Each structure stands twice: as C-alpha cells, then as structure tokens.
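Shared between the two complexes below is subunit A, which has subunit B as its partner in the first and subunit C in the second.
On to the complex of A and B.
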C-alpha cells in the first residue's frame, strides 16, 4: 500500500532523513516512534507529498508521490491525514468542516456530503456538536472531528502525525479509542506517536527512528521484547519507566 | 471675523455642501476602496507568489508608491496622464481626463499599496498548518486560498481594512488641490464667497469627525459579528 525507498531529505547541510525505506501493507498498522528531532514527523509528511524529498521514491497504492507529473492533489484526496494540532477550519462549523473537501474536491452533492458527514460524526460520537464551531469543542473532540474529516474522503490509508501530543491527558483515550476501532476494522494506518500502549495493542510493526534514520523496523513484539539496537533500548527504557 | 458666529451661512450652504460636495467625496471613497481592495489583493497574491519576477514587480510598485506623497501622485496623474494618453493613442492633442475618474484611478493605485500590505500580513499571519490541512484534503492552491486561507485572513484583517478606508475617506479631501468640488472643496468655495472661514471650516471639521467616529464604531460592531469563535 505504502512503499518508501531510499528517501532522503536535507535542509542545507542538515540531513533530516537519510535513506529511509519501509513498506506498509494493506490493512497494516505501523507505529513510528523515536526521540524528538529524529525526523518522524517529516517522514510521515513526505508520504503524501506535503514535504518534498531530495531523493528516493514513495509509492502509494501504485501511484508514485515523488515522480514528476503526479497530480499531488488527486493523490492526497485519497490519503487521510490527522495533525498534531487538529487543524480544523475555525471559520466553518463542524459539519461544514466535514463537507468542504467532499464537495469541492470529490464533487459530491451537498446532500450526499452532509449525509456522509453526519454518519461519521455519529461514529465518533459527536452528532450533537455538528453545528458548533471548532473553538467551542475540547481538544479531544476536535481531534475526533479531524479523524472524521479525513474519513469523509474514503481514504485508502490514514496518516497520523502525533495525534495525541497536544491533548490534555484525560482526552487522549477518547481519541485513541477511535483509532483502535479503525485499526480493528482493517484501515491501513501509519501513526507517529509516543503512545506505546496504543502500539502494543494494535500495531503490527514498530519503526524506530533516530537522527533521520530508520534504526529499527520490526514486528511489534520483537521490538518491545528485544530491541536490537542500543539506541532503541535506551529510548524504550526512558519511555517505559512508569 | 471672530465676532458673530453666523450659523445661517452654514444652513444656507447645506444642500450644496452635501448634494454636491459630500456626494463626490463618498462616491470617490466607495469606488477607490472597492477598486483598491481588488487591485491590492492582486498585488498581495503577486508578492506572495512563488514566481520571483511577479513578487519583485509587485514589491517594487508598492514600495515606490508608498514612498511618494499622495498629493504628488494626484498632481502627477492629473497633469501628466493626458499627455501619456495622447502619446499612447496617437491623438493630436492631450486627452482630457474627467476629474472624477482621474481621482478614482489615482486613489485606487495609491491605496491598493496599503491594502496590499494589509492583505499580505493577514495571509501570512495564518498558521501554516491550515494550508497543510487543506492540501492534505486534496485541495489545489486556488481552492485552499479561496475556501480556507482568505475567509480567515479577511476576517483577521477586517479592522485594519476599515481603518484604512476611514483614512481614505479623509484623504480624498486632498483632491481640492485640483479645484475639484469634494466636500472640503465645496466648503472652501462657500467660505471664500461669503467670507465666513471660521464657520465653514469648523463645520467641515465637525462633519469629518462625526462621520469617521460613526464609521469606526460601526467597524467595531461589524468585526464582532464576523469574528471567528475561538
């Protein structure tokens, strides 16, 4: 479904990503973790072309992201993305947030888009908030809306960039619950997160990054039980202390 | 001159002051604001464009006009354009330009620079994540701009836009250097004719003050109505 081959990216002299390669199969959930500044957020933004790369190749569902002449807008419409800071459109109501791209990008009629939007709001438990504005919702609610907004496009895969990092602790679970349900339904997901509980529960594989490199790319249990690299061991010992 | 404040002079002049003078001032303000915002938006898009040549052209234009006094631009346009038009159209004599349209074009060209900077700042102040989110949903550049960036940016820049319009309203009085009968021009004519400078100029100041005050009050109310809920 998602293939990265030798992806490299640099800002001037600083190498953000060096020779990153991995593959996410259909229905697979892959968690990307690593210390801050390790390039994991940049990596996930390269997958749908939000961050251009200097070298390497990225292919989603048979379409090359990195080839010249690829219509990136068309491709992005098929890959959902959820951001750390939600990025709902504050000037639109919740239901309008869910309808905008359906109508403008997918050319659905407004009644179709509205129906789809309401069904998805029901799914994330927020039908009652449909006509409120993003600023009136809690962080956890906003992030659930953001997930629904991505789902409204009927994506072939979902990308999550630290979806719970900006949330108060008591709101993290309501977002993770939605993600866990999606994973169980077979959605292909690539998730940058520090939530190791989530990784243990639903991930198929874990990718560990450090200094722009993919240091480890292993089955979930292999990664948690016996990480091969010293850097991953150190990272896990710091993060799993509590 | 200071003894005997004659209110009757002002009252007699009211129809002329408002029907002729203020009508001109308000029409000029309205035309110049609308055209200035349209041209200013275009300039702002150029300045923010990826194409260097466009960005430099717009920046050069904006910086040039912002460095010139408005009165000079008014003079320049009114006296030179007839000759430019003659040269461009190959006419045998200078082309007469209607004073009203000459003023509209001058103010549009001048105010567009200020509107451009307001719009540019409004767009740049938007968090970059909003643009990324719209792109991630498959919108292309124009759609992101139209449905996500501009609706928010315009709300954010509304107070500055309205302030600039009020300044423009006051600045239109500078057309009196061309002997055009705007509100101030009309006031000056009556003042000279009747020898009542004090009454007329105090009245003119009062009218500008009241209109500007009401406009800024209305601007605040409007801003509250369209503000984004946070």
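On to the complex of A and C.
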C-alpha cells in the first residue's frame, strides 16, 4: 500500500532523512517511534508529499508521490492525515469541518456530505457537538473530530503524526480507543507515536528511527522483546521504565 | 482676534451662483465618499491578491508582490497622485494619453486608482500579517485533505486571516477616507477642496473648516460603527480571548 525507497531529505547541510526504506502492506498498522529530532514526523509528512524529498521514491497504492506530474491534491485526498495539534478549521463548525473537503474535493452534494459527516461523528461519539466550533471542544474531542474528518474522505490509508502528544493525559485514551478500533477494522495505518501500549496492542510492525535513519524495522514482538540495535534498546529502556 | 463670525454663510449662494455654500460642501462630501469607497474596494481586492502572493510558495511570485508593496507604500501619496495624473498620460502612446486627459471626471478616476493602489500595498501587508499569524499546520491540514493551494487559501486560510485583521482593516478604511483629501492637489473638488474654495471666496475660514471637520468626523464614525458590526459578525466561538472593546 505504502512503499518508501531510499528516501533522503536535507535542510542545507543537515540530513533529516537518509536512505529510509520501508513498506506498509494493506491492513497493516506500523508504529514509527524514536527520540525527538529523529526525523519521524518528517518521514510521515513525506508520505503524502507535505514535505518534499531530495531523493528516493514513495509509492501509495500504485501512485508515485515523488514523480513529477503527479496530482498531489488528488493523491492526498485518498490518504488521511491526523496532526499533533488537530488542525481543525476554527471558523467552521464541527460538521462543516467534516463536509468541506467532501464537497470541494470529492464533489459530493451537501446532503451526502452531511449524512456521511454525521455518521462519522456518531462513530467517534460526538454527534451532540456537530454544531459547535473547534474552540469549544476539549483536545481529545478535537482530535476525534480530526480523525472523523480524515475518514470522511474514505481514505485508503491513514497517517498519524503524534496524535496524542498534545493531549492532557486523561484524554489520550479516548483518542487511542478510536484508533484501536480502526486498526481492528483493517485500516492501513502509519502512526508516529510514543504510546508503546498502543503499539503493543495493535501494531504489526514497529519502525525505530534515530538521526534520520530507520535503525530498526521489526515485527512488534521481536522489537519489544529483543531489539537488535543498541540505540533501540536504550530508547525502550528510557520510555518503558514507568 | 477680530473675526466676523457668520454662520449663515452656508445658506448664501456660492461662487457658481446657483447653489448655496452648504450644497457645494455636501457635494464635496459626496465626492469624498465616492472616492473613498471606490478606492477602498480596489485596496481590499487588489491588496488581498498581493497579500496572498506575499505568502505564496513560488519565490518569483513573492518577489513580484514585494516590489509592488515596497514601491507603492514608500513613495509619498502626494507624489504618486501627481505621477498618476500628470506623468502617466505623457508616458502612454499619444492617443491613449489624450483620451485619459479628456476623460470627464479624470481627477476622480485618477484619485480612485492612485488611492486604491496605495492602500492596496498597505492592505497587502495587513492580509499577510493575518495569514502569517495562522499556525503552519492549517495550510498542511487543508492540503492533506486534498484541497489545492487556491482552495486552501479560499476556504481555510483567508477566512481566519480576515477575521484576525478586521481591526487593522478598519484603520486602513479610515486612512483611505482621510487620504482622499490629497486628491485636492489634482483638482478633485472633494470635501477639503470645497471647504477651501468656500474659505477663499467668503473669507469665512472657521465656518468652512468647522463644517469640513464635522463632515469628516461623521463619515468616519459611520465607518467605525459599520466595521464594529463586521467585527461582531467575525467572532469565532471559542477562538482566542473574548475582548471587550469600549
């Protein structure tokens, strides 16, 4: 579904990503972790072309993201993305947030888009908030809306960029629950997160990054039980102590 | 100070012999109003385009719009007024230049275009400030949903940017209204022009400029109240801190 081959990116002299390659199969859940500054957020943003790359190739569902002449807008409409800071549109009500791209990009009629939006809000338990504005919702609620907004486009895969790191602790679970449910339904997901509990529960594979490189790309249990690299061992020992 | 106050001067016939001074002043206010609104319409639309261009991903678009802004906001308005009115027709091909000079109400059109461009440059900076105050993730979120760049600006970035800068837009509108008085230099009989004509012909300088002052104040107060309404309509529930303006 998602293939990265030798992806490289540099800001001037600083190499953000060097020779990153991986593959996410349909229905697979891959968790990307690593210390801050390791390039994991940049990596996930290259997948739908939000961050341009200097070299390498990225292919989603048979379409190249990196090839010249690819219509990135069309491609992005098929890949959902959830951001650390939610990025709902503050001037639109919750239901309007869910309808905007359906109407403008997918050319659905307003009643169709409204119906789909309400169904998704029901799914994330926020129907009652449909006519409120993002600023009137809690962080956890906003992130659930953001997931629903991504789902409204009927994406072939979902990308998550640290979806719970801007949330208060008591709101993390309500977002993770939605993500776990999606994973169990067979959604293809690539998730940058520090939530190792989430990784243990639903991930198929874990990618560990450090200094712009994919250091480890392993099956979940293999990663947690016997990380091969020293850097991954250190990282795990630091975040799993508590 | 020996001064002959004569408030009834307003009802005496002005130099044109048919209208009272009051009527000519009100005509002047009318020209001011027309110039201000037409120029501000240009400023708002052209300024938005240039302001967006200042934040565009393409370097050459940004460079071009920066040139527009820096040239137009750094040359004094009075100089610009002369350039548009006296110099431009000479630089154009003969036929076009003559047509421009013989245009009825040429002063009015020139003033509108000149003020419009000048305030467009300033408005562009206001719009840019609004756009750049938004978190970078907003643009990404729009594009991640499949909106193209134009749609991202139209539906995601600009609606918020405008809301944030409404108070600055109000200020620009007021400046634009007051700056119409510069058009007196190219002979537009707007409010300041008619007050000056009244003073020159009647020697009642205090009455003439009291009237002009009152009319300018009234005009701008109307704009302020209208823009307050716009400000209230622009409030986004739950966004930012609720402000209590006096």
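Throughout what follows, the second predicted complex is superposed on the first by the 242 of 242 C-alpha atoms of A that agree within 3 Å, B and C clash if a C-alpha of one lies under 4 Å from a C-alpha of the other, contacts with A are read in each partner's own complex, and residues count from 1 in each chain.
Everything below uses one rule, namely that a contact is a pair of C-beta atoms (placed from the backbone, for glycine too) under 8 Å apart; a residue touches a chain by one contact, two chains touch by 3 or more.
In this text, all values refer to a predicted model and were calculated from it rather than measured experimentally.
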Requested in this report: Put subunit B and subunit C onto subunit A via the superposition and say whether they clash or fit.
Outcome: clash
Report task. Look at A:36 in the shared chain and tell me whether it touches subunit B only, subunit C only, both, or neither; answer first, second, both or neither. Result -> neither
Query raised in the report: Which of the two partners, first being subunit B and second being subunit C, lies in contact with A:48: first, second, both, or neither?
Result: both
Query raised in the report: Is A:89 touching the first partner subunit B, the second partner subunit C, both, or neither of them?
Result: both
Query raised in the report: Just subunit B (first), just subunit C (second), both, or neither: which does A:13 touch?
Result: neither
**Report entry** Overlap of the subunit B and subunit C footprints on subunit A, listed as residue numbers
**Finding:** 45, 48, 50, 72-74, 76-81, 83, 85, 87-91, 100-101, 104-106, 133-136, 149-150, 153
Report summary line: In their shared complex, subunit A is touched by residues of subunit B numbered 127, 129-130, 132-140, 143, 147-148, 151-152, 155, 228-230
Query - In the complex with subunit A, residue positions of subunit C that touch it - result: 135, 137-138, 140-148, 151, 155-156, 159-160, 163, 236-240
Report summary line: Interface with subunit C, subunit A side, in the complex: residues 45, 48, 50, 72-74, 76-81, 83-85, 87-91, 100-101, 104-106, 132-137, 149-150, 153
Report summary line: Note: in the complex, subunit A contacts subunit B through residues 45, 48, 50, 72-81, 83, 85, 87-91, 100-101, 104-106, 133-136, 149-150, 153
